[in-house]
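The same chain A turns up in both complexes below, where it pairs with chain B and then with chain C.
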Partner chain A sequence: MRSLSLNILILCCLPYYAIAENININVVDNANKALPDMVVYLQPEDDISLPFNEQIVEVGQFDRSFTPYISVMQLGNKVIFKNKDDITHHIYSPIGDNKFSFKINAGESQIKRDFQQTGEVAMGCNIHDWMSGYLLIVDTPLFGKTNENGMLDLPMPPAGKYQLIVWHPQLDATNNRVYQSIDLSEQKQVTIKIDNKILKISEQKNQEDFDFLSDY
Partner chain B sequence: MLKIFTLTLLILVISSANSAEYKLHGVLDVRATSADTLKSYVNGGYGKFTSHNGANVSLAQAGGEVVVTWDIGLSAHVVANAYSDENDSVVGLTEAFLKYRTLPNESGYRWQTKMGIFYPEISLENNAYAWASRNTLNSSAINTWLGEEIRLLGGEVALTRLGKFNNNAFDITLAATAFINNDPAGALLSWHGWTIGNRQTLWTESKAIPDFRARMPGYDLNGQAAKSDPFLELDDKWGFHLRTKVKFHQKGQISAGYYDNKATPYMVENGQYGWRTRFYHFGLSWRLPAAFELSSQFLSGDTLMQSPFRTDVVNNDYKSAFIALSKRIKKHRLTIRLEEFSVTDNDLTIGDNNEEYGKSATLNYTYRLTKPVFLSLEYNWLDSHRPSRMYTEQAIDLTERQWQLAARYFF
Partner chain C sequence: MKSLQTKIFLFFVLLLLLVQAIALWTIVEGNKSQERQEITNRLSTAKTIFNAQFNSRRDYLTAFAETAAKDYGIKQVFEDELRSLLVAMNNHRKRIDADLAMAISAKGMVTAQLVLGKNQAGESKVKQGSEREQAFRFPHWLESQEQSHLYVLGDSVYQISLSPMNVGAKTIGWLAFGFEINQELAQHFLDITQLHTDFAIKVGDEWRLIASSNATAQLDFTKQVVNGETPNDYIAIGHLVDEAGQLQLALAMYGLRADIVAVLQEQWWQFLILTFITLLLSLSVAYIIAASITKPVKQLVKQAKIVASGDYHQTVNVNDSSELGQLANEFNAMQSAVLSREKAITHRANHDPLTDLPNRSVLKTALQNLAERKQAFTVFHLNLSRLKDVNETLGHDVGDWLIKAAALRLSTLDEFQLLCHIGADEFVLLAEINEHSSSELLVSRIHQVLEDNCEYQGINLQLQVRIGIASVPEHCHDTKSVLQMADTALHHSHKVSQLVQVYHQGLDVNSVERLNLINDLKDAIIDDQLELHFQPKLDLSTGIVTHVEALVRWRHPTLGMVPPDNFIHIAEQTGQINALTHWVFINSLKQYKAWCEVGLNISVAVNISAENLKSPDFYEFICQSVDKHQVPADKVTLEVTESAVVDDPEAAIAILQQFKDRGMRISIDDYGTGYSSLAQLKQLPVHELKIDKSFVQRLCEDEDDRIIVRSTIELAHNMGLSVVAEGIEDEFALNWLAKNKCELAQGYFISRPKPAKELTTWLLEKKVYAFE
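Showing the complex of A and B:
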C-alpha cells in the first residue's frame, strides 16, 4: 500500500512527465547479451531541474547475505536496513565519507537518513565476513537497476542532453562506471553496450553449513 | 579460581554498566557406548577412549556458553562443561574470556584481541558450541590432547586483512598470544600417550596419571603427584603461541602455528613439574568437488621434564596427523577420519617408557532429526604399540574398538 501511495506521490511530483511515457534503456555486453543488475542513472548536462525522487530504499539482510546485493538511492533520502534473519548482524561501511556501523538485532530494522555524499557505499557485516552489499548514492532522481533482461524503464524526463551512467561494483572500468551522452529530445530507446568485463562477484555464502558454530 | 572469579565479576560489572545483548548456547550429548578397551585414560588408565570397557550410557557432554555482546565490539564469553558417566561426574568452566573486535579500516585490516582463558585456535574439529566436535563424536588424537592439556591464560592480538577490500579472494590472519598457567602440559601426553575422546579438562581439574614403575618409591618419579594439573604456573615465565591463517573464500583455509609454554623443566611444586613443551601445527580444510569436505591437521613437537638437579627425566618427541573426509547429503552426513601418531622417548629413565606408535580410524554417520537434534553412530578403531602398558600387565600391542550411538541437541 505504501509503495502505491509513494508511486502516486511520485506521479504528483512529476506533473510534467508525460504519464506512461518512459525511456527504455537496454544494457548489453559486447556479445549483445543482456546485463542484469546494472545500476543506470541519468544526469542532465543542460540546466534542467528535476524533482526529488522519494523512493525509499530497503537494504535487507536475509539468509546471511545482503538482499539485494546492489541498491541505489538519491542523496538526501533515507535507507531502511532490515534484518530478516534470526541472528544479529553488524553492518558497516569503512570507506569514504559515508562511513557507518551499527548492530541490528534479529528481526529488527534501522533507518539511516544521514548519508552526506554521493558515491559508492560498500557494506559488510563484521560478524559474517562473507556478507557483502553495495549502495550507490546518486545526485539525480532518474535511476534504477536493469532487470534479468538487461532492461530498465525510467520516466521520461524533460527533453535535453543527459549523461547516461552505468555502474556496477564489479564493472572493470574507471570508478566502475561507463558513460554515454544521450539527447532525450530524439531518443526514447537507448541501448548501451558495455565492452568492459564484469569481474567475478564473490558469492555471499557461508562456507559452513552447520548452524551451531561457536563464533563471535 | 580467584582469576576466574575476578574475570566473571569484571564481566558482570561491564554488563550492568552498558546496554548488552545476552545469548546462551550449548550442547547436550547423550551416548550409549559399547567398547572393547582398557580403563580409560580419563581415570588414570591406559585405555585410549574417553569411555570405559563394556557397555554403558553416559552424559558425554552438557556444555553451555554465555556470550554477552556490546555495540562497541566487545564481547564476553564464559564456557562451562559437564560430563557424567559411571566413573565420575564433573562440572566446571573450560573457557572465560573477553574479546574485542574492531571494524576493518579502509584497507580492510581488522584487529581482534582476546583476554582470559581460552583455547589456542588450532582445532579444525571443535568449532561447535562449548568446543564440541562438529562432524564426529570423538575428536582426533591431536584435538583430544589440546582439550586435555592445552589452555591459555593470557592475551591474544590478531590482525586480519580482509581480501574483499583488496580484490583478493582470501583473508589473512596473523596472531600472537602471550600466556601463563600451562607449565605441566605434556605430562599426560607422555604418560598415557595419544588418545581419542571428547573430554575437555575443566580449568580447575587435575587428571589421574597411569601407573608405571618409575612412580614407585626409590624411582625417579616418586615425587610426581598422583594427578597432573595442566593449568598451573610454576616459574612465572610467559609462554607464547603464534599462528597464521589464510582463508580462501568459498574454498577452504590453511593454518600454521607454533606453541611454546617456556616452562622451566626443573621446577617442581607439590609434585607438579614444569614441562617445557613446544610444538608446531598445520591445518588444512578444503571443499572438494561434489561437496566433499577435506580436513587435515598435523602437529609435531617435544616436551622436557627434568629433576631439580637438571637431569632429563622425561624427554619425548611426539607427532600426530589426521586426514578426514566428510560429505553431507541433505539430512545425512558421513565422515571418515584416519590418523597416525607416535611418541619417541629420548631419555634413559628406568620404569618410564613413553614410546608409542599407533593408527586409528573413525567412521561417523549423522542424521539430522530436527534442526537442533542430531543422531550419530560412530565407530572408532585404534591400534597401538605402547610398551608402558606392561607396567600394568596389559598387552604392549593392542587394538581397541568402540561403537557409540549419540543424540546431540544444540541450542
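Showing the complex of A and C:
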C-alpha cells in the first residue's frame, strides 16, 4: 500500500524534477579530504511528498566480489543480482528483516523485488567466504553515492527541511550513519564534514593463497 | 712392629681408601648434580608440557570456533529461534567435547549458552547457562584480536576462544567454545608428568583453588609453589598465566622428592655395596702384594742374620727376576766376596806378608795344639845373621829378597811340623820329638839347606843363621815359656858368638828367679851373703903371683851359689851396682891388708861397671877408701870394660884420668870382644890391656888367635901398656905368652878363683913358675 502511494507521488513530481536544479553534496572527512563511495540520502522532515525513484538496482558478482560493494535502493525497487562470473555464487543475508538466500549459476541473474523493510542488508556468499556486499534500502527517492571526489549531485527537491544522512557500512557511528539537518530552500550546495572514522574495508579477496585451481 | 710388609700394606690401604673416597665423592657429587639436573629437567619439562598442552588446547579451540563461526547453518539460525541455535551449537560443541559454548550477538548480548555439567548421578549433562540474555561481561574481548581468554563462570574456569561470525565483512555475532580447567585436566598432567598439578585463580585479591590432581591439595601449598618456593621433601615448579591483569591462573606442579629419587637411592645402595666389595678385594690383593714383596726381603734379612753369625755357606734363593731377585743374587755375590775377603784377611792375619809363611799367631795355636796332645817337641828359633848389614849396604829390597830365599829353602825341610816367620829376620821351626830325630840332626839339616850361598845380581850372599833351641817338656811345660827360652838361647848365641845354643837355666837372666834376686840382692849385701873370691894373676917375667882379680860370689840362702853374670846385671839395672862395687872394693882393700900382714904383697884388681863411672861420688869413695885402709894407690887396679866407656867417652875418660892421676892402675877388660877401637884406646888413660879369654883359650891350636894375641901384645907394648891374658887353660898358652912378653896371665891352669883364705894358703905354698 505504502509503496503504491509513493509511486504515485514520484510520478507526479517527475516533470518538476526534470527541470529543477541539482543540489550538490560534498562529503569530506575532518581533514577536508573527499570521502568517496559514501551513501547519502535525504529524508524530508516536513510533510513533503516526493515521487518514487523508479530505477533498477544491479548488484553484480564479478571476479568473486560484490560489484559494487555498496548498493542503495528505494524500498520497492527491483534488484538484479547478476552473476558475471563463470562460477556459481550463493548469495545470502542471514540477519535483519530482509533475509534471503539463493544460488545464481554462472552468467545468470536473479531478480529480487520483495524486500519488505528499509535498512541495511549485509550480504555474503556461502561459497566465497570473503565476498562482502551491502545493500541499503531507504525510504526516499533522494539517494546516491559520492564519487571519487566525494561529490554527489541530487535533483533539487522541493524546498523544505530535510535530514541529510550519510551511511557507510564501515562508518564508525551509530547505525553507521551521520545525520545532518538542512534547509533546502536556502542552500544548493551542502558540504558535510564527517568527524567519524571510516573503518577498514576488508578486501574481497581470498585471504588464503588458494592457487591450486584458477577457476573456482 | 712396623715391618716393611705392614708399611706397604698400610700404604696400599691409605691409597685405596683415598682412591675410593675420591671415587665416592665424585660419584656422590655427580649423583647430586645428576639428581638436581634431573629434577630441573623434569620440572622444566613438565612446565613445557603444560604450556604446550595449554596452548594446543587454546589453538584447537580457536580453530574450532573459527570453523564453527563460518558455518552457514549456524549463521542461518543465528537470529532465529533459540532452540535451533542451541541445537546447532551443541552439535558443534559435541564434536570437540567442549565444556562451554556461547553465542554473542552483534550487540554484545549472550544469546545462547551451553554448559557441560554433571548431574547428581555423575553423568555429563548439557544445560543452558545462566547468562542468557545478559550482556557479555567482557565486551572489549569482542573488539580484541586476542581470541583466547580465561572465562570464569560460577565456580568453574574455562579456557575459551571467541570467533566472530561474519557475513562478508559484516560481523553479525560471536561464537565461543571453552574447555574447563578442572580435575580431569590436572589428572591428565599428572599422568603425563608424574607430577601433581594444582590450578588456582586469583580474582581480585583473592586466590581460589579450582582443581587439583591431588585430593588433599591445599591452597597455601599451591601458593607457596607458585611463589617459587619449594616446600621441604618436594620438587615443585609454579607458573602463572596472566589474563590481561584481571585474572591470574596459577599452576603448581609438584611431587615428593622421595618418589623421584627413589630409583637413584636404590642405585646408591648398589654402588655402596659394590664399593665395599671392591675395597675388600683390593685390600686382600694389597695384602698379598705386600706379602709377596716382603717375602724375599724377609729371606734376605734371615740370610743377613745367618751371615752375621759367620755362616757363609748358605745362599739365599729368591725366584724373582725383579730387583729383589737381583738383590738376592748380589747378596750371594757379596757373601762370597766377604767370604773370600775374610779368608784373605785371616790368611794375612796368620801369615807374614813378605814370605807368606805362618806367623806368630799360627805358631801359638800350633804350640797349644801340641801342648794339648802332650806331645814333646822342640822349638828352633832362627835368626838370619848380618841381615842388618845387607839392608844397610844393599838396600831393603835385597834384605827382603834374602829373607824370602831363606824362607823358601827352610820350607823345603820336611823334618819339621811347622815353619813360621815371626819377624823381620826371625823364623821358628817346630819339630815333634821322636826316637828318630835329634836336635843335632835337625840343626845340621837347617845348616845344610842354608849352606849354599845365594847369588843376587852377581853378589854372593851367605845365609847364616843362629839358632836358639828349647824343648817341651825338657826345659819347661808351657808353650809360652818355651818360645821365650828359645829366644833366650838365641840371644845368648849372639852374645857368645855361637851359631847354635840350646837353652839351659843359666841363660835365663830374665827368669822369675831373677826377679826374686832383685829383691834379695839388697839383703845379700847387708846379710853378708856375698863372698869375695880371688883369681891370681901370674907375673910371666918372674913366675910369681903378683896380682889377683877380686870376683864376687853370692851364696843365696835358698838358691845356693848365684853366678855373678846373673846378679851383676841385675845390680846394674836396679841401681845397686854402687853398693855392690863398694862392698867388693872395701873387702878387696881389707884382703890386701890381710895379705900384707902375712907378708904377701899382692895387687888387687876390682871390676868397675859403667854405672860406677857415671856415679858422681864414685871417685871420692875410691880415694877415701884407699886412704882409709892405707893402701898404696898403685896396688889397686880398676878393670873397666871397653863398652863401659862407649856411652859417654869424655866423662869416662875424665874420671879414669883422675884415677890414673891418683896413681891407681887402669885396665881394659875383655879387650878384643868389643870395638877394640885403637882411636879410643889411644885416648884412654889406661895402664894395661886385658886380652879376652876367647883369644887365649885356644892359643894352642889356633894360629889366628896366636897372631891376634901376639899383635895385641906388641901393640900394647908399643903404646906403653902392659898386657894381661886371661883364660889360660894349658901350659902351652902360659909358655907361649911368657915367650911373647905378656906381662900377666890369669886362668884355670894357674888357679881357679878361690876364697881368700884358701888362696892365701895357695899363695904361701906356691912355688915359683919356671917357663920353657
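Basically, the second predicted complex is superposed on the first by the 191 of 216 C-alpha atoms of A that agree within 3 Å, B and C clash if a C-alpha of one lies under 4 Å from a C-alpha of the other, contacts with A are read in each partner's own complex, and residues count from 1 in each chain.
Following the convention adopted for this analysis, a contact is a pair of C-beta atoms (placed from the backbone, for glycine too) under 8 Å apart; a residue touches a chain by one contact, two chains touch by 3 or more.
Small disclaimer: the values here were computed from a predicted structure and weren't measured.
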Contacts of A:88 with chain B and chain C, given as first, second, both or neither: first
Partner chain(s) touched by A:132 [first = chain B, second = chain C, both, neither]: both
Which of chain B and chain C A:195 touches, first, second, both or neither: neither
Touching partner for A:123 - first (chain B), second (chain C), both, neither: second
Touching partner for A:101 - first (chain B), second (chain C), both, neither: both
Partner chain(s) touched by A:114 [first = chain B, second = chain C, both, neither]: neither
Chain B versus chain C as contact partner of A:47, first or second or both or neither: neither
A:205 touches, of chain B and chain C: first, second, both or neither? first
Touching both chain C and chain B, counted on chain A across the two superposed complexes: 92, 94-95, 101, 124, 126, 129-130, 132, 202
Residues of chain A that touch chain C when the two form their complex: 66, 92-96, 101, 122-126, 129-134, 169-170, 201-202, 204
Chain B-facing residues of chain A, complex: 88, 92, 94-95, 101-103, 105, 124, 126, 129-130, 132, 202-203, 205, 207, 209-216
Touch list for chain B against partner chain A, complex: 21, 25, 27, 65, 67, 69, 71, 73, 75, 99, 101, 103-106, 108, 110, 127-131, 134, 162, 164-165, 169, 171, 249-250, 252, 287, 328, 371-372, 410
Chain C residues within the chain A interface of the complex: 70, 72, 75-76, 78-79, 106, 166-170, 172
